[in-house]
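Quick one: this structure, given as structure tokens, is what I'll be asking you about.
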Amino acid sequence: MSDNKHKAEHSHEEHLREKHLMLDPLPRGRMNEMVMESMMEPPTWKFWAIIVVLAGIVAYGLVYTWAKVIAEGLYLAGINRPSYWGVFIVNTVFWIGISHAGTFISAILRVFKAEFRRPFTRAAELMTTFGLIQAGMSIFMHIGRVWLGLYWLMPYPNQRMMWPNLHSPLAWDVLAITTYVLGSTMYLFLPLIPDLAMARDRTTGWRKILYKTLALGFRGTEGEWAHLRNAMNIFAFAIIPVMFSVHTIVSWDFAAATRPGWSSTIFGPYFVVGALHSGMGAVIIVLAIIRSTMKHMKYFIRPEHFDAIGKLMLIISMAWAYFFFNDYIVQWYGGDKWTQILLHYHEAGPYGWMWFAMLIVNVAVPWAVLWNQKWRSNPLIVSIVGFLINIGMWFERFIIVPVTLTINRAPFTWQQYEPGAEMPMGIGTMAFFILLYMLSSKLIPLIPVWEVEEGQMAHEFKKFGRETVVSVSELE
Amino acid sequence: MSNKFSRRDFLKLTGVGAATTAVLTGCGPASRYTKREPYMQMPEYTYNGHSTYYATTCRECAAGCGLIVRTSQGRAIKTEGNANNPLNLGKTCARGQATLHGLYNPDRVTDPMKGGSAMTWDEATQVVADALKNNKPGEIAFLMGLAPDHLFDFVSDLASATGINAPVRFNALDMFDAQATLSKAAENLFGQSGMPLFDVAGAQFVLSFGANFLETWLSPVSYTRGFAGLREAKTKMRGKFIQFEARMSATAAKADEWMPAKPGTEALVALAIGKLAAEIKGGSMPRAFSDVEPKDAAEKSGIKLETLEHIAEMFAHSGGALAIPGGAALGQSNGLAVAEAVLALNALADNFGKAGGVYFSAVAPTQSAAMGQRGASAQQMQEFIQNMKDGKYKVLFIHGANPVFELPAAMGFKEAMKGVEQVISFSTFPDETAAEATYVFPDHHGLESWGYQRVFTGAAQSVLSGLQPVVSPFYNTRATVDVLLAAGQIAGGKFAMSFMDEVEFLRGKIAPLMSESDGLFSAPDLNTFMAYFQQHGGWWKTTDGRTAPATADVLSKSLKATEAEFAGEGEFFFVPFVSPTLAEAGANKPWLQELPDPTTTVMWNSWVAINPETAHELGVDNNDVVKVISEFGEVEVSVYKYPAIRPDTIAIPYGQGHTAYGRYAANRGVNPADLLGANFNEAGDLAFAGVKVKVEKTGKKSVISRLESMMGVYGVGMGEEH
Amino acid sequence: MTESKVVDILAVFADIGPAADALDQLRAMGIHDECMNVISGVPVTEAMLGRPAQHTNVPRIALGGALLGFSAGAFLAFGVPYMYPYPIQVGRQAPISGPPSVIILFELTMLIMLLSTFLGVFLDSMFPNYRPMKYVTEVSDGKIAILIECPHVEEKKLTDALKKMGAESVEPAEAQHL
Amino acid sequence: MIRPDEIKMSAEESGKWGMVIDQDLCTGCQACVAACSMENNVPFVGDAFSPSNGEVDINYGRSLHWIRIERFWEGEYPEVKMTPHQPMMCQQCGEAPCEPVCPAFATVHSEAEQLNLMVYNRCIGTRYCGNNCPYQVRSFNWRDYERPEPLPNQLNPDVTVRRRGVMEKCTFCIQRIHKAQDAAKAEGREVADGEFTTACAQACPANAIVFGRIDNPESLVSQLAHQGHGVKHLEELGTQPHVTYFKGG
């Protein structure tokens, strides 16, 4: 009787251990080995084939097409009057949105001590940095005289004491995105240092040189850890408002303009939530891919993580729907002539299918799927949902930017937008993102082992009466 | 590592990087950028940064508006209207503005040419001399542009001195204005020849029957000013304006009411309005209107009787009623009857010679009655073509006209040129006629030329607009008068004129004006007079030179209430109309091509205007290519669903469809004249609006560019398409 | 003679517990806290080891950066408009307007604060440091190493004591290239 | 360092320029469009196909007209009416939405002329101003437009030729304003009303466009503008346009 009970107790513990990485500790050395193996495993021909294809897309889309656009003019793109902004800006907003997931996971979840974050903070942070690179490039793609872009945009004066116009939302963008790029890159790097030191200790040859250089001479002394911990704490708190400010300021590019459909006070939070929506979707795709393609990753990334992110996705989807409806009803109720036409155009115009598709994949699909824990824990299902959400969020930005721009207060100029060179260039950024990620997965320890170990140290089983529960100690 | 990477390598890489950056940032393609360098040697009297202004005359149409051309560093920069010229008072139309794109057109004829090869002017002069000398005078013919200018005078003098055929003048605008019909009607009613002048500015109520006076009709700049006067409420009430027309033209668009009368019923409508108005006015019914039955007219024209009655009432009660005949209304088989009927309305309004009424245009200075005021009618051109075909002309000199393009192909000018041994074109541009000519001896562009031009209508005063070169000739071109003078010297005999050059001829022609009393200026000697002439851009009288038509028995004449007859079996009336922005010869100026048509905003192309209902019935949509077929030809053209055209009418603008004439004109759009045949009205004008056509779907699609948004203006693509 | 010799010993422990005990005992042996350092692969806090709190300048540097950033923002927002040789008007906004200034102040404060936090880690930890250092690679595999650099104690005595305390290995620490 | 409020413009250098357009008089003849293009070196776009979508470039909202004449339709045949032609150019807003959004100060408000300036060499082509213009009167150089020789001889040396990647728009012929002001200043007087005018107003055969100083109560344009029945386009946005329209009809 008691033996059975003990057995049941034991299997319950086993079950929990299987489920939760934090309860399933392995020796640190073993974990290090696993992470290093997953990174240093010789790439298969498939890997190289994908790299070659991606490099080809990058060469065509980013290098050749962009060079052509610079040399010949933006007429190669689909932008026109009145849709002066098109897919370039859509992609910018999209990539900045993607980048939000990394910060959300590694900063907000760190601040709120969500333990499930531990194994994939790095994977998410890498997305932030690489996504921001694509966002930055997309902005410069859209500029008419890109060779003057930085020259005029950075806050320093020219010989005639002309500074950039700091009244312009675009100048705020420059400041905010610069802050965010630098901040998130530093925030990626700080927790990486101990892992680089680990990699340094376990490699030889060129990798040794690389990791030695990057690890900066980190040993793990008390002082080093103290400085690092302090800095990471400061970063975790400080980068959150920066993250909110970035997407809010991006939304002000639209909301500050005197355009029907754009001039909306809800755009700030609406965009932030939208960014998280697509960002979470992207994180989950990346995790699913890492888990299925890289060695030992099934140990680190488990269904519990998809389940947790799935829950977040569901909540964010609800928040997005709430903001969308909030924006819509206010615009609709206002009864402004041009806004009425615009809303009608959104739904019934040639891009109406996009509008409906957006609502289906951003709201209906997550709500229908993610309430179920089983589906939510299935990497394939949630990553499909994540993929759809990303399509939907791209559509959302497409509707907000070129489709909304089509309708203005001067009907004599209305003109439907059809993307041109933006598409190869946009696909080029996508390929470049994947390329960067794939290459970095071979160079950067994707799992922050010390964070995982720290978490595993803090977790233990505790018995409340008859029930064995998980208990977490606060180490910091 | 670092020792392997030498400084030299670094510099090399830097260089490659810099070159790449240069290409990417556009320093490379910068070589493509437009540059305008100062002349190495500046022309006389020019300074950097200072503009010189010259007064001259616009040669883009025959109206003769005065221009002030701003030049800088020997280049013509901008044309403005000459504020002193009584015709245009400082204003220009779009064509006048774009004349610079003719001057600096990349496709001008740069040298005297035979076939495709250049020759010297000495050789060219010899060719002309031989042509004059070796042929009988009766075998030499001159075909010239419509403008009554010094070249016309010169050739007329030459003709009268040597017995060669008197020069014939022709221009498509003349044809589409139906000027012959208008003046013939005036002659019939008033017993006096001359070009009627309608004082739109002074009127209170204007009825226009097809007269597109805001576009290309007679003198568009001066008539537009008249329209502004009609509308301006400064001194009087805002005048009212009603236009009868099957298709809403740019002129009709400005009317308070557009009356889509069925083509061919204009005479009935005019007479019916006259009858109804006369009834309102009381008294005995004038004979002129007795022939018409208003109810019948209303039925046939498709305009409600009440509407006609309402218009008649306004016409009768208005203080200054004016009726204008013109355009497509006259270019029909009964055009003369229409013109007479409409002019008769003015008699009813009793406005002859009064403000807001009908005048005869002032006779221009230096004009002699013998010269004939007007160009040749289409019928006269048909006779001219017949003479060519019959081999009566051995040499044909063509200047300022492009009959191969302008006349309907069915009239056969191009074929007839084969019957002439030598065709010598003096064209500045490689137009269709020049392409068929034996020789092209290019004249200067109008802005490089000396000369004068009589203003045949539009101004109250008698005006002689003067031309002078504002820039030195850009290419190896030569003034036609100089060529003829030089050739005459070589040919000898009667051909040897006594003038040294064109300017001397000019001076001789204007010398008599010195003795005129009421001129703008006078001078003791010819040099001073000529200087003033150049300075003012011409010479004009300071007194009103308009004359009142005789009014005595207009209303007692019997006017026929006829309907027009139409050639062809098609179900659609066909209205070719002159493009207000391109007109007959603007197609080679890129900025005129870039100007949107005032009614449709179409640029760089032709279209067929079809009522949306009709298009729906035909199963065609915007940009669908349809085949328009008449008895005489067919064209394929894209559809523009035009909401303001009768469902039984289609319209194609005239101005495109060139086969030559430079890169901007050639092979663009269609020429609606291809659908026209050699049908004439009683006055000899082409019955260009007297054709019925069929429209067939082709299944092809060709997008026409337009400035307007099809979404914003027509709701296309907004989700509620009908 | 031995007095002057600096004892350099690296003792590797498997777990926090023994390491903390060892630290206590070492302290009892008269080895000063300053002579000891703990090298670990996870952030083991001072409290866990019973060690005095580490002094770190990072928060101060961050605060300094924030102040610097705020001043830079203030310069951009309030100073720059006065530097133009002629007044530049856009959309009839005042040259110095509130809302844009708030954004500039915020972004620059954050930017320079984050930069200086990052820099603070470098300054405090003396990164990057590629000189030879005393280290054992087992640390990154989860071991805890205690590094003792003390002039007062005998090496042999210390080694024995450490072994007794449960050290997996006790070796003379030698600076090596990492 | 000069404080913004220390700068004072001398009388002959400043002026608030404005325009009155009588739509009842405008016949849509396009003379203003041609005149503007000739004066301001506006390139022609041509009917080249856009490689991006196979549309004709100019048909795809890529025309460069600095002034365009708008017209719409009311009703259906036969009661169809064309709305009065509406020449649309930069309204030179007093409170211009295009200005604050430019990050490079490429479009700023001129204190002297009370006009919206477009500084081509500072423009980097973000096209934000174009988005934010409620009148959609800014046009963008999508490419370098071809002007085959010898057409460049016609270019006005007083006006910059723009290259690809920059925005452009109506300037109220600022080169003419400055020329007239310079001449007046040299003679120690103020610019007289009607002494000069913009290219469009000068060409307009119907005199539908009147240009002048609206801060001078004596000028024709300010008298017309204050007649009362003029409207300013989209005035409800608070842009304070300097162009007054008489709707007419």
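By letter and in written order, the chains are A, B, C and D; residue numbering begins at 1 in each of them.
The rule we apply is simple: a contact is a pair of C-beta atoms (placed from the backbone, for glycine too) under 8 Å apart; a residue touches a chain by one contact, two chains touch by 3 or more.
For clarity, every value in this text was computed on a predicted model and none was experimentally measured.
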Most centrally placed chain - per-chain CA mean versus overall CA mean: D
Distance-maximising chain from subunit D - centres being C-alpha averages: C
Length of the line joining the C-alpha centres of subunit B and subunit D, rounded to whole Å: 30
Separation of subunit B from subunit C, taking each centre as the mean of its C-alpha atoms, in whole Å: 88
Inter-centroid spacing, subunit D versus subunit A (mean Cα positions, whole Å): 44
Touching two or more other chains - residues of subunit B: 26, 29, 707-709, 713
Where subunit D touches two or more other chains, by residue: 55, 61, 63, 68, 70, 72, 97, 100, 102, 105, 144, 164
Per-residue overlap in subunit C, given as positions that touch at least 2 other chains: 83-85, 88, 90-91, 93
Each pair of chains that touches, named by its two labels: A-B, A-C, A-D, B-D, C-D
Subunit B to subunit A touching residues, read off their complex: 21, 23-26, 28-29, 707-709, 711-713, 717-720
Subunit A to subunit D touching residues, read off their complex: 72-85, 142-146, 148-149, 152-153, 162-165, 167-171, 173-174, 253, 256-259, 405, 408-413, 415, 418-421
For the subunit C and subunit A complex, residues of the former touching the latter: 37-46, 48-49, 51, 54, 56-59, 62, 76-77, 80, 83-85, 88, 90-91, 93, 97, 100, 103-104, 106-108, 110-111, 113-115, 117-118, 120-122, 124-131, 133, 135, 137, 139-142, 147, 178
Complex contacts: residues of subunit D adjacent to subunit A: 50-53, 55, 57, 60-63, 68, 70, 72, 88, 97, 100-105, 122-128, 130-132, 134-136, 138-144, 164-167, 234, 237
Of subunit A, residues touching subunit C in the complex: 27-29, 32, 155, 157, 160-163, 165-167, 172, 175-176, 178-179, 182-183, 186-187, 189-190, 194, 197-198, 200-202, 212-213, 215-231, 234-235, 238-239, 241-242, 245, 249, 450, 453-454, 457, 475-476
